[in-house]
């Protein structure tokens, strides 16, 4: 292991208040050993709805779930009274979203930015975070994604996973 | 005027509880003399969001407002507690909708279908209603539209308007 | 008939050397009584291939052929040795083009611009020409089209046709 | 190296008669050490034109050329008299294709299938072949591609390249 790898930072654990499309809360700790794409969005953000949610659905269906997971995070930082968990539940049903989605925990001190969004230093929505099978945050992108480049990042992390931990796959 | 034209039905007047993107409530009566496209939608209906709202925006920008008007109608018939006027206001702002949108009046007897939606016999959302310059309902389509055909319907009604009322244009 | 209508110019007759998707050469004279969209293209023009040919196919399928006709015109003004009638025949077959397409007659004096293209003063490809049921050229557009606006132009000419010649439809 | 890797087959060398967008013929031998996507197409194949050529352009622009190369191959197996090298040259110019494209060598015995296409056992166009940095053919797909999956395959081969030959990058 070289110094570059030594410097890698563990992705902050998710802080969530409610989950949909899963029987129990998802933690990054539970996903250790898999490559994870964390998808931060707001249900009334047009670019999230038109581009990132469909992309996340395709990610969820394109890779082996023993190696790879998509996790949605509803990071509401504006219009909190309208983008409630109840509204999110309707949104997820209408848009047929099937991957797990957690509600980022609101700031109990009244700040607009929820806790996980703040811990990751996200600038807005949509944001995609790539987490490797060892739990390190490897890349974080704000905005719409290029699928070829995103696919290549996933392929790189899947290859690392296989080559560094051959008994896992 | 032939019997076909005699049989034309006046479009039922809008029954609305609140408006956005206009300083005063819009009525079909006020729009008499113009061709009107009435766009019924729900803010969490995926086909409405991805197809019909962008189409309505382009309609609003493609034709002369002295001859033609686009009117949005938020016909909430499910999930009423989530698709509130407050949520609609955020939606219209986030999606930069600029044409007038009215909230269809809820049924005070507790029925799910709001009053204008019921009066028009709409089957769901999105629905587009074409109203001629004399106030007659001419066509009503449920679902996503073919732009060429919709454009031709508008052209036909604009031509009728010009040919039957030459002093208006 | 007013002076504006008096000033309308008859569309120049097509000058063609070969036809596909029809048993005999198409003339505007034969199409008198119908609204015509004349679609000028080159088979290796990217905008023609990606946008205008699919649009022309949809036009051909969207309106009543008793009232309306789509006519393709292969106006080769560059790379004449490559965009031959034989190459066009393969192109029309591979792209499943089903409306009639004529080859614009090359200039026998060696000029690059073929005869119909020159007679219409077209600037390049794609170009769409709208011809009314009386044979007048009404609009001519160079470049990619807005479907709503094109549809409205067609609707206007169809309405004129019905209102001025009620016995035709 | 395990038996799976021992079994890998070297990609057959390209057999070509003419090149565009390069000063000298491209060989897989010269590209040893880089991940290669070989893009087989015909200039009058609609799926190639609408989907695969734009994808290949984006591939060429998305990855580091020290590690990765896109190579086009014009595998004409029908309508040979129309899809000539001269016609291809116009096509590449009109569509602004910038990566190297070779003409697959025709069968001198009069068969329809050109030599490289036959050596690879391609079923038609478009076909994409992924070749790793050691020159092995790893995957071969006939038809339109999913960008996420293609990106992941590229990422995997780039990761192998870096991990097995650390001094190359």
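Think of it as A, B, C and D in the order they're written, each chain with its own count starting at 1.
In this text, a residue touches a chain if its C-beta (ideal position, glycine included) is under 8 Å from a C-beta of that chain, and two chains touch if they have at least 3 such contacts.
As the structure is a computational prediction, the values presented were derived from the model and not from experiment.
Where touching is counted per the definition, subunit C and subunit D have no chain in common.
Work out the mean CA point of subunit A and of subunit C, and you get 52 Å between them. The distance from the centre of subunit A to the centre of subunit B, with each centre set as the mean of the Cα atoms, comes to 39 Å.
Chain geometry summary: the mean Cα position of subunit A and that of subunit D are 34 Å apart. For subunit C, the set of residues that touch two or more other chains is empty.
Chain pairs that touch one another are A-B, A-D, B-C, C-D. Across the interface of their complex, subunit D is touched by residues 44-46, 49-50, 79, 81-84, 86-87, 90-91, 94-95 of subunit C. Within the complex, the subunit A residues that touch subunit D are 58-59, 62-63, 146-160, 163.
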